[in-house]
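Here's a structure for you.
By letter and in written order, the chains are A, B and C; residue numbering begins at 1 in each of them.
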Amino acid sequence: MLMVIVSGLAIGALFAATALSYNVMYSTSKVLSVTTGHIAMLGGVFGAYAISALGQPWWLGLIAAIVVGGLFGWLTDLIAIRRVLARSDEHLWLLSTLALATMVQQAVGLWWGTEPKPFPRLITQDFSAGIADQKFWLPIGLAALMAIGLEFFYRRTMYGKLFLAMSEDAFAARARGVSTDRIRVASYVIAGSLGGLAGFAAGQLTFAYFALGLTLTLNGFIALAVGGLGSNVGALVGGLMLGLLNTFASYFFGGEYQQTIAVGLLMVVLLVKPEGLLGAQNVRPV
Amino acid sequence: MMQQAQPSDAIVAPASLSASVVSKEFGAVVALNQVSLELRPGEIHGLIGPNGSGKTTLLNLLSGYYQPTSGAIQLRGEELAQASVRRRAQLGVARTFQKPRLLGTLSVLDNVVLGAWTHVEPGFLATALGLPQIARADRDLLDQATELLHGVGLSHAIERRANLLEHAEQRFLEIARGLAMRPGFILLDEPAGGLSNDEIDHLGGIIRTISDAGIGVLLVEHHTDFVFRVCDRVTTLDVGRMIRHGRPQDVRNDPEVIRVYLGA
Amino acid sequence: MNTKTRLLWIVPGAVAALSLPLWSNDQYQVHLAALICCYWVLIAGLNLVVGYTGQLSIGHVGLLSIGAYTFAILGGKWGWPAFASVAVAGALCGLCGLLLGLPSLRLPGFYFAMATMAFALIVGEFVLAQGGLTGGGVGLPVPGFPPPFDTPEGFYYLAVIAAVVASVLTWNVARQMYGRGLIAIRDNPVTAQAVGVPVFRAKLTTFVFSGVTAGIGGALFGSLQSYITPDTFHFELSLFFFVCIIIGGRGSILGPFLGVAVLTALPELVAPLAKLGNFFYGLLLLLVVLVVPEGIGRVFELIAQRLRPRSAVSVPVAPDLPRLARAIASIQALK
C-alpha cells in the first residue's frame, strides 16, 4: 500500500513538473505548447544516452539533460512561437507546436528506437530498495525543488519579477521598456531546462521512451487544468492528485484504464470548478 | 450638473429600442451611471462624449454584449437585458464595430449575405442534401446582397476577397452586412473613423437613406461636426453620465457640453 | 479557384479514378486508391470541423477505430448484414461525436485539442481492455461486402461511391449559407454571433456529422484492411488526417482531397519518405504553418493573382442612394 502511495507521488511529481513547465511558458507567451511533454522525454533519453551509451558519469548526464531540454525550449520558441505570435490567427501556435512535437517524437523514435530502454542508476542502490528506491525520490525531490526554486525566482529576483509583470500585462510591460521578446525566450529556455531535468530525474520510473512525450503533454496538461492554469501550487496539487489517482486505480482496478481515469478526474474537477482547484477565476486560457 | 430630461422625452415611444436608467459596473469601475437613451424608428440618434465616457459600453449594452448592472434595456416595450446577441440579431438589432470585423478569406458578397442568416436559419441536413429551397433562398439573398452593395458604393469590389479592401470599403461593407440583417435598428460604432471628408459625406448620405427607410440609426462618433450635421437628436455622455440630450443645435450650444469638450 | 478551374482538375481526375481498375494491372494501386477513398470519407466530414468551423480536433482516429470495430463485431462476430453494420457504425460514431462534443466544444482551443486527443487514447484503452469483445491485442478479422462489392475492384467502386457522397454532402454545406456561417465561427466568432449564427449548435452539428462520416469511413477502412488490431489505429493517423486538411487548405473541399490523395500516395512513390513516416508529416505541417498557413491551395491562388493584371488605381466608394433605398425597401418588405 505504501508502495502505491510512493509511486503515485513519484509519477505525480513528474506530472507536476510538466505542469510547472507549462506555467512558465504560458506566463510569458500565453501559449500552451504541445512540446511540453517532449522536453522531459528528451531529458530522459539524452540522460540515458550520455550515461549508458557514452559511459559518462551521472552528473554529465544531468548536464546533458538540462542542456538538451533548454535547447529544445529555445528551439520551440524560435520555430514554433516567435513567427507565429506575430500573426493574427490565434491558433497557429497550436499547429506549429503540434508539428514540432511530432517531428521531435518521430525523430527520437527513429534514432533511439521505439522500445523503452532502461535508465541507468544514478546513485548506487540495490534494486530491492522498495519504497526507498531512488526512482521514486528523485522525481519527488526534484519537483519540490522546482516549485521552491520558481517561487524564489518569482518573488525574490528582479528577473523573476519581470516575468510576473509580463504575465500580468505584457502590453504594459513592453510600454515600460521591458524587452518582452527576450524574456519570453528566457522563459522557454528555463522551462526547457527544468523539464529536461525532470525527465532525467524521473527516468528510472518512466524508462527512456520516445512515446513519453505525447502522453506527458496530455497528463501534464490534465494536472495543470486540475490545479488551475497559472498557479504553481495548483500544478503541484494537480500533479500529485493525478499521480496518486493513477496508481490507486491501477492497484484496485488494474492498469488498463489509466487515461480514462485521468480524464475522468479532469472532468469532475472542471465541472465543479472550471478554472481548476487553485486557478484564478478570470484567467482566460487560449 | 446633470441635465434634467425634457418632458417630451419622458415617454418612450412604443416601437423604440431604449436603455432606461441603466448602470454598468465593472468591479469597482462605474462605466455608466443611470443613463437613459431612446432610439426611435427612422431617427438618426447621435451618441457623443470624450474617451472613456461610456459610449461603447452603452452600445454594447444595447447590442447584447454586456448585461446592465441595473436598469432596463427594452425593444418595443419588451425587456431585452437577458436576450443574447444572437436573439437580438433575430429581433432586428444590427451593429457595426469600431474595428471592422470581416471574414477576410471570403468575398465581399459572401460577407454581406451572411447578414441574412437569421432570415434563412439553414438546417445542416437540408443544406447537405442540396434541397432546392435552400439553393433558391441562397440565390435570392445573394441578389439582395448585391443590390445593397451597389447601394453603398461597393459595386467595384463585389467579388473581391474581403481582406483586400481599403479601410473605407471595410466600413461600408459592415453597414451593408448590417442592412442585410433586415434590422429595425442599426447601431454604428464610430463608422467615420479613418474616413476622408468625401467618404464621410457618402456615409452621411447612406445614413440618411437608412433612416428614411424607417430604420433607427444610433451613431456613436467622435466627429462631432458630422454628428450635429446628420442627427435628429443627440445624447452626450461624460464619465458615464448623460449630460445633455436633445436636438443637435441645443446640445452643441449647451455650456456643459462645451466645457466637457474644451476642457475645464 | 473558380468553377472553371475546378472542373479542369476534377473531370479528368474523376475519369481516371472511375476507370482505374481497367487500366491499372496493379492490385496494389487499386488498394491504395480504395484506401484514399476510405480516408476521404472521414476527412470530408472532419474538414467541416477543422477547415470550416476551425475546431482543431486531433482525435478522430478514435472514431475511425470505433467505426471499424463496430463493423467487425456486428458484421463479423454477430453475422449482421454488411450494410446494416455500416449504418450502425456510422450512427454509433455520430453518437460518440455528440458525447465528446457536448462538453468539449465549449472549451478554448488547446483544451479542446487535448480533449480530443484524450478521447483517442481512451478509445485505444477500451479496445485493448475489452478483449472479449474486440479481441484485445490480437485483433479481429473484418468481413467484406456482398456481391458485387466482394472483389477488390468491386470494393473500390463502393469506396468511390461513399467518397463521392461525402464530397457532395460537404460541398453543399460549404458553398451555401451554412458554410459561410461556419467560416464566420472559425475566423470571427463575434461576427458570427452578431449576425445570429447559433455558434455552439453549429459546432456540435458539424462535429456529430464528422463522427458519422468517421464511422462509415472506419467501417470501409476496416473492411479494406480485412484484419484490424489496436495498432492499426495509432495516434499518428489522427495527425495524418489533420495534416491533410491543413495542407490542402482550410475552407476548401478540393484542397483536402488533393491533400489526402497526395499524402497517402507519396510514401508509396518516394521510398525514403516511407521510412521517415510521421516525421515527414510533422515537417510538412510545420512548413505549411510557417510559410503558407492558408494551405497549399492558397499558393496557387496567389500565383494566379500575380499573373492576372491588377489595376493600380483604387476606385473610390460611390454610393447609389436611390438604389440603396430601393434595396432596403424590398428587403424590409420581406419581413
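The definition used in the following text is that a contact is a pair of C-beta atoms (placed from the backbone, for glycine too) under 8 Å apart; a residue touches a chain by one contact, two chains touch by 3 or more.
Keep in mind that this is a model prediction, so the values were computed, not measured.
If touching chains are joined by edges, the resulting network of the protein chains shown is an open path.
Of all chain pairs, the one linked by the most C-beta contacts is B-C. Spacing of chain A relative to chain C, judged by their CA centroids, is 33 angstrom.
Distance from the chain B centre to the chain C centre is 39 Å, each centre being the mean of its Cα atoms.
Chain geometry summary: the mean Cα position of chain A and that of chain B are 48 Å apart.
Those residues of chain B in touch with two or more other chains do not exist in this structure. Chain C contributes residues 168-170, 172-173, 176-181, 183-184, 187-188, 190-191, 193-199, 202, 205-206, 209, 251, 294, 314-321, 323-332, 334-335 to its touches with chain B in the complex. Chain C meets chain A in the complex at residues 54, 56, 58, 103, 108-111, 113-115, 117-118, 121-122, 124-126, 128-129, 235-236, 239, 246, 275-279, 281-283, 285-286, 289-290, 293. The part of chain A that touches chain C in the complex is made up of residues 32, 34, 79-80, 83-84, 87, 89-92, 94-96, 98-103, 106-107, 110, 214-215, 218, 221-222, 225, 256-260, 262-263, 267, 284-286. For chain B in complex with chain C, the residues that touch the partner chain are 63, 84-86, 89-90, 92, 94-95, 97, 101-106, 110, 113-120, 122, 124, 127-130, 134-135, 137-138, 141, 144, 147-148, 150-157, 166, 168-169, 172, 177, 179-182, 198-199, 202, 205-206, 209-210, 212-215.
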